[in-house]
Amino acid sequence: MNELGLLSNGVNPVLLIVVPLALAFAVPLIGFISKKIIKYIPVLAFLFNLIIAILLIPKVLHQPIIVKIGGFQPPFGINLYVGTVGILFSTLIALAGFLVSIYALNYIKEGPKEKYHILYLLLLTGATGVVLTGDIFNLFVFFEILCISSYALVAYFGNRAGIESSIKYLIQGSVGSSLLLIGIGLLYGQFGTLNMADIANQIQSASSPSIFVPMVLMITGLGVEAAIFPLNAWLPDAHSSAPSSISAILSGIAIEVGLYAVIRVLFTIFGASNFLMFFVFLGVLTLLIGEMSAFSQKNIKRMLAYSSIGQIGLIVFAVSLNTQYGVSAGLFQMISHTLGKGLLFLAAGYMIYRTASMDISSFEGIGKKMPYTSLAFTIGTFSLIGLPPFIGFPSKFMIIKAALAKEGILFTVLVGLVLLGTVIEGAYFFRVVQVIYFKKGNGNQERKEAPITGLIPMFIFALLIIFIGIYPNFIIKILNSAASELLNKIDYIRSVLG
Amino acid sequence: MDRNQLKKWFESPAKMGHKYSLHVVYFCTGCGIIEIPPSITARWDAERFGVIPVATPRQANLFLITGYVSVKTLKAVIRTYEQMPEPKFTVGFGSCPINGGMYWDSYNTIKHLDKYIPIDGWIAGCMPRPEAIFIAVTHLWTLIDKEMADGYKKYKENYRYYRANQEQLYGKLDWPPLFSEEDKK
Amino acid sequence: MSLELLIIVAFGGAFLTYFLGKISSKLRNSFAVLNALALVVIIACLYGQTMEKSFYFGFFSLPLILRNNVLSWFFAIAISVLGALSVIFSLSYMRNRERTDFYYLMMLLVNAAMLGIVFSGDLISFFIFWEIMSWSTCILISYNRGPALAAGMKYIIMSIIGSMAMLVGMLSLYTTYGTLNIATLSTLVASSSHGYLLFLLIIFGITFGIKNAVMPLHTWLPDAYAEAPSPFTAVLSGMLTRMGIYGFLLIMYVIVGAGATLHLGHGFFTFNNILAWLGAITIVIPTFIAMLQNDAKKLLAWHGIGQGGYMILGIAFGTSLGMAGGIFHTLNHAIYISLLFMSVAAIQYRTGGVRDLNSLGGLIKKMPIAFIGGLLGICGLIGIPLTNGFVSKWLIYKTLILNGAPFLAFAALIGTWGTILSVYKFLHNIFLGQLPEKYKNIQKSPFSMRLPIIVLSFAILLFGILPGIPLKVINAIDVSLGFKSLNVTLWGIASDSGTLNTINIFAVVLVFGVIIWLLFKAGRKAPKVDQYDNYAAGAAIPKGKYHYTVDYYNPFYRMATPYLKDFVDVFYMKIAKWTQNLCNTVRRIYTGYVGNYVMYIVLFMAFLILIQLKWSVF
Amino acid sequence: MQIWGIILSPLLALVVGIFFLGLSRKIMARIHWRYGPPITQPVIDIIKLFSQKSISHGTIFDLGLILSLAGSFVVILFLPLGQMCPLSSGGLLAILYLMLLAPLGIALSSGEAANPNSSIGISRKFLLALGYEVPLLFILLAVMTHYNTISLVEIVRIQSTTGWSFGSLPLLLSGIAYFLILPAILGIRPFEIAGAGQEISSGANAEFGGKFLAFSTIQHALHEFIGISLFVNLFLGGWSLFGILEPITNTVWGVILGIIVFLIKMLIVFILGLFINAVFPRFRIEQAIKYLWKWPTLFAFIGLIVVVLVK
Amino acid sequence: MKSLKKKLESSFSDIKINITDDSRITVNIKKDAVVSILNFLKNLGYEHLALISCIDWIEENEFELVYILSAYMEKDQEYNEKEKKTILVKTRISREESKFITVINIFENAEPYERELHELFGINFEGHPRLTPLFLERDYKIPPFRKDFDTRKYVKDVFDKIPSIEERKK
């Protein structure tokens, strides 16, 4: 009952990690009592997480909370740094996790359900952990939890494609994490400490080549998970063969967390500003390659996977503009991508479930059979393209404004390329909408709508998309403070080291 | 020539008009057509009589039937005649339209053309020369003057009989009768 | 009568119609018509008052401003009247079609979006309404399935490119000036550097060029007009494509200001001159391509592009007369092109969707009202003196000639003759000539179709004979845009260098018409005759084979066809094919072997380190 | 003065037009070395046609013809006849567009006649119009830019002071071009494609019976009058004769003399044109368009360039 | 000419061939061998079927069909009268049944000739696609070109029966 205790003296952010972890291990125990309750546990866990995160937001806004685990003073003990960025991401993870767990209530029927829920809880704890930790080794540990559980979940269906893609994902992921570990080792060897703030503090004094190698190693390691261009070969296979709920989480949460890690490493630890210029080009390259390969896809989930790569490229482009407005635009795009892509994957899940095939041509006339799901799908596509009433529009608005704010013909050209990517995105998404609504469906037309538990998360996602789309000021405050926290690392160090 | 007597002009301009501007639709049937082109060109010049060849029966008021009329061509002749506007005159060339001429016993030529359409004037001669045509034109003038060239009126009054003759020859005709009962009065 | 009430009524009405449709189609129809008429009434009594209201949404501290001035009122009244007429028209046209509630929702949504565009006072709401308009149009274009999907796809790609260009232009304005309110912008922008002004004009020019189908950007228009359901094509061709003109007016004369735009660049290469020449090309080539079309709606679509060239020519010329001509031509074009599309729709409705010019004929006997609509429509299109087209074309030509641009005037004038030829082919193949057997017993078009046709035909004649009525409003627009005013009389323009007096032309034509009609009556009575009592050199008239329609201007086709293919469209198709192949090759990067993927990761790292060692960039 | 103009000029145009028709048949006959009909033959024809009973194919069949004749009369009112110009609002542009009424009217009525011959005739008439319109527009633009006005009355007044525009160098080329396309505008001899009697049984008036044919011939006569009077007004300075008539310009005698001079000029131009064109066989429509777009357009285009350069 | 005569005699039984002075060969043959000989001659180079005519031997109660064939001149040969070779293939068919097979599949241009013979002689050719009337407007009980068709009697009962307008009026 000590959780309640912790509740008393103000909410302790550590709960965000501890509760899902505990419940993850409690699942097999509860399994003995009755198999049916298991699938409700993740729902409870993330509902709890969501409430705590929302409660913490006002506190964190005026000054970040440093949680010292085991009473050791930093830089010795592990500490959690719950800044606005951290809380923003954890609310996002909790929200998405909560909704997808409702979706999974009766989406996951066959196969080892118990294992699914354990891995699901572990995956999201890993994600929350990465977001909140202030210590790079701790970052590595949570990162590993996240990756391993996602390897397993990708192979959940157990069919040939699932296993093959999860093996590929495993190999690349492990290569990435080993590079990450070497990087952390080098840093530890050089500075003798694992605490991010401490390293950030001592880094100015160190000579540039000696810190460049660990930086490259860490960025490549994290980049694999963050799906930046050359490193994201695993993403299309993993997302298309995973169950839809998992691919929603993977492309909604896992990639964003990977990207958060890369940004945290780049901005706070190394603060290498001219490296960011390289990242701008990398972002645009990822965007174009993602959109182009999505354009020629026939399979709906592979198309959505490639479009996730495109969106990631857009976010990287926005964040690496290295201005306050740019970074907040990038974070805004992350939120819109999580909501939009999550909605798309959930809707696509039930469409595939009903038509029992993944290629787009089988969706003809589904607008009639599943009106609400296809409406949700259309809202998702419109928001990703960036049409006014939906969340995609303000985020694209901010990105282009940030890009144009930087003088120079180079950035106008890059904006041109980004918009070219949007045009291609508009083209292939409209092609799908055309197939859904305007092709005459063959065969029976009676309505086989998705079940209620499937419709509720979609409905909430759609509601959020429209609400934030119309009223973006609602989250602008959090975004700006998160961006400022990321950008100026001095007060990060001061708040941790005191 | 009495063309320039103004008094006549004012008495009946319509009749004078018809006399001095005979627009011809010549129907190239039989051997008479060879005579028409020379009558138009420089040597004989029909235009000085106001006779000009025109393309369609709608614009014409003189119908020259030059030579024998076969059973098949008679259909076209009747249709052209009916398409011509009201004060219309027809002139038959040579003896064939009169009584079949040298084809008197042929199974395929029409013997008495005036049983099917009214003919106002005949020109003798097994294909009359252009001078004969012009003489016929002058005669036609006198006929018009004396109100005797009234073939079209006869056609209108006893259209029923003409129609009966035509249907006796062809069985059922595939165009509606020109004058139905009521507009005859 | 405030503006936001108008917007609420427009959008609310659209969604309400959709839900009413669920209850009963009769209720929905009457509500749709009522809603459209209500809009007309509200806008009508907004005349004259210029007002501005701003509402603060939570959108990055950017207000949504609605304002009404004489320019937006002019466009708004045209949009609402045309929208009402097309809704009335589609009552019977869409009766036995499926998904009609969806159709009405989209129709009223498009109207509402256009009103929004016209009344929006700042660029962000302009952009939002613009997006809503282009999306609902693309859905309506691909409404009847089949080839319409390709047309919809082509339209949506071009309009996304257009709106992206506008987004970039708008945001560069926002970053440099911090505000998007059009009124404040118009004061601030005039002062900035020529290069920046040119950049702005080109970016916004691309968007409005695509929408108004200026020559190189016109390829979406023929397919979109041909495939969209006909009542919507009337709205699409009438007012929707002319939002491009409103946009051009907005950017060239409101935001950048008349003074600045007119001498941007030097000598021949000023922005206006290039735009004028583009307009001239847009007049000539599509009009002659229109001659080759065998599909009635495609033919009218190509004319839509051609007439767009006149408006661009009028506006780009920057004198008050030219402006008046351009804007007046926008109104006239809206009237007669929608009239023509409605008469084609009436024909389609009766002949079961046939719109191929080679298989129709003689429909004047069966559908006289559609014929009158068609006839007055094409007279307007050509610019016959008593119709409204003549007045606006006269204004445009006068400016071109008196300002020393004879070659532009030549392009415009030769465009008229191209129009005459192709448009007479349209009228002849559908209405005149022999009536085919299968259309022997079709009835007249229903009343709800005849009403709009009659109203629009009357409007053509009214504005043709009394052009003063619209010209007064247009003169006010000229003054508001900063040009000197013309002395507009009720029957035309009176100015020192040549007056136009349509009343005495009308009087003279009427007088002589009556005299000759009496003379005609004096002649002997000519009885009416059936179409088969005809001259065929004595032979019987072959039923159904005696109507000359197939390649009507054959001698000209043989001479001109190789040059009149739509090269621009072929070029765009090549680009589309090329991007498709590029996308396929790009996808091939993901080979599917894990070995390659791991190699990518290692190569990426090696690449970074190599860069650092060699040039130490980071 | 203006009311006189409105009554007098159409009648004068009618009489002169029909006289030209008769004259052309007489001259054509003389060229063919035959006597030919009396000059008054067209009048006789018209009287005969009016007394004939014809058929009609529908209301548009009649109204189209009425519109075309009314259109021709209206255009005559806009053309200055000597000093007298009844109506001048809208200038040369209005005349150019009013000249569209006549062919449109005939096109409508012959279209309604449901006869392929008349449809082919109309399509050829419009193609021929397209053919001669290209050089004609260049010419009109050259004149308008040269005198920097769009009103014909103004052009005639300037010519009376500064001498005929046929004499001034830049407009000489345009004048020659106009003379080259004059037969095409009038639709006579080599360019008789639209009303070809033999090939398409007189094209547009295939189905025109009695009074319809009369109206059509009158319209054709007026059209010839318009074509020539436009030429005379634009290039031969309307009523002015090398300044001789200068002193008595606006007296009654001056006006009458002006009209006579104008008509004489028209007669000369007409006869000259007739002599040149009577010997040509009828062109095919492709040859006509190719010819019209080759030499006359070249002259007119160079004329326009010269005018623009001179300004 | 001789070689052709020998060749024909060798390949066809009971065939009578005689060569007239102006280098023309007439071949009389049974009706069932006509198709084979026409094919044979066509391969020999006589591709041009000039005419099919018919003679009405009323006494022998037979029709005689005459197929007139000639050879096209080679391109390089210029035309001279002597070189022109024409062949007449004659055959006899009985007058009552007046039936024969069509040769359209050998010579397409035989179609109008056969229609004419059908209309004027009453011979119907099996396999002919369109045996519709060609020249005559009215239908005749006895086809006019047959010898037993009396034109004067026909004229008397058709044309003279039609009264003039005055008689009909009474």
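For reference, chains read A, B, C, D and E in written order, and residue numbers begin at 1 within each chain.
Just so we're on the same page, contacts are C-beta pairs under 8 Å (C-beta built on N, C-alpha and C of every residue); 3 or more make two chains touch, one makes a residue touch a chain.
Keep in mind that what you see is a predicted model, and the values were worked out from it rather than measured.
Novice: Under the document's definition of touching, what chains do chain A and chain B have as common neighbours?
Specialist: Of all the chains present, those in contact with both chain A and chain B are C.
Novice: What's the chain with its C-alpha centre farthest out from chain C?
Specialist: E
Novice: Would you kindly say which chain has the C-alpha centre located farthest from the C-alpha centre of chain A?
Specialist: Most distant chain from chain A: B.
Novice: Identify the chain pair with more contacting C-beta pairs: A-C or B-E.
Specialist: Higher C-beta contact count between the two pairs: A-C.
Novice: Could you give the separation in Å between the centres of chain C and chain D, each centre being the mean of its C-alpha atoms?
Specialist: Chain centroid spacing, chain C to chain D, equals 37 Å.
Novice: Go ahead and note the Å separation of the Cα centroids belonging to chain A and chain E.
Specialist: From the centre of chain A to the centre of chain E is 95 Å.
Novice: Whole-Å distance, chain C centre to chain E centre, using C-alpha means?
Specialist: Those two chain centres are 70 Å apart.
Novice: Taking each residue of chain C in turn, which ones touch at least two of the other chains?
Specialist: Counting only residues that touch two or more other chains, chain C contributes 524, 527, 533, 535, 537.
Novice: If we use the touch criterion from the header, which chain pairs count as touching?
Specialist: Pairs satisfying the touch definition: A-C, B-C, B-D, B-E, C-D.
Novice: Under the stated contact criterion, what part of chain E meets chain B in this complex?
Specialist: Where chain E meets chain B, its residues are 135-138, 140, 144, 149, 151-152, 154-155, 158-165, 168-169.
Novice: Which residues of chain A touch chain C in the complex?
Specialist: 167-168, 171-172, 175-176, 179, 208-209, 212-213, 216-217, 220, 223-224, 230-231, 233-234, 236-237, 272, 274-275, 278, 288-289, 292-293, 295-297, 306, 382, 385, 387-389, 393-394, 396-398, 400-401, 404-405, 412, 415-416, 419, 422-424, 426-427, 430-431, 434, 437-440, 470-474, 476
Novice: Any idea which chain D residues touch chain C in the complex?
Specialist: These residues of chain D touch chain C: 6, 10, 50-58, 60, 62, 65-67, 69-71, 73-74, 77, 87, 89-91, 93-94, 96-98, 100-101, 104, 107-108, 111-117, 119-120, 122-124, 126-127, 129-130, 133-134, 137-138, 141-142, 144-145, 148-151, 201, 206-207, 209-212, 214-215, 284-286, 289-290, 304, 307-308, 311.
Novice: Tell me, which parts of chain D touch chain B in their complex?
Specialist: The contact residues of chain D facing chain B are 25, 29, 32-38, 41, 44-45, 47-55, 117, 197-198, 201-202, 205-210, 213.
Novice: Can you tell me which positions in chain B touch chain E when the two form their complex?
Specialist: Touch residues, chain B against chain E: 71-72, 75, 100, 104-108, 110-112, 114-115, 154, 158, 161-162, 164-165, 168-171.
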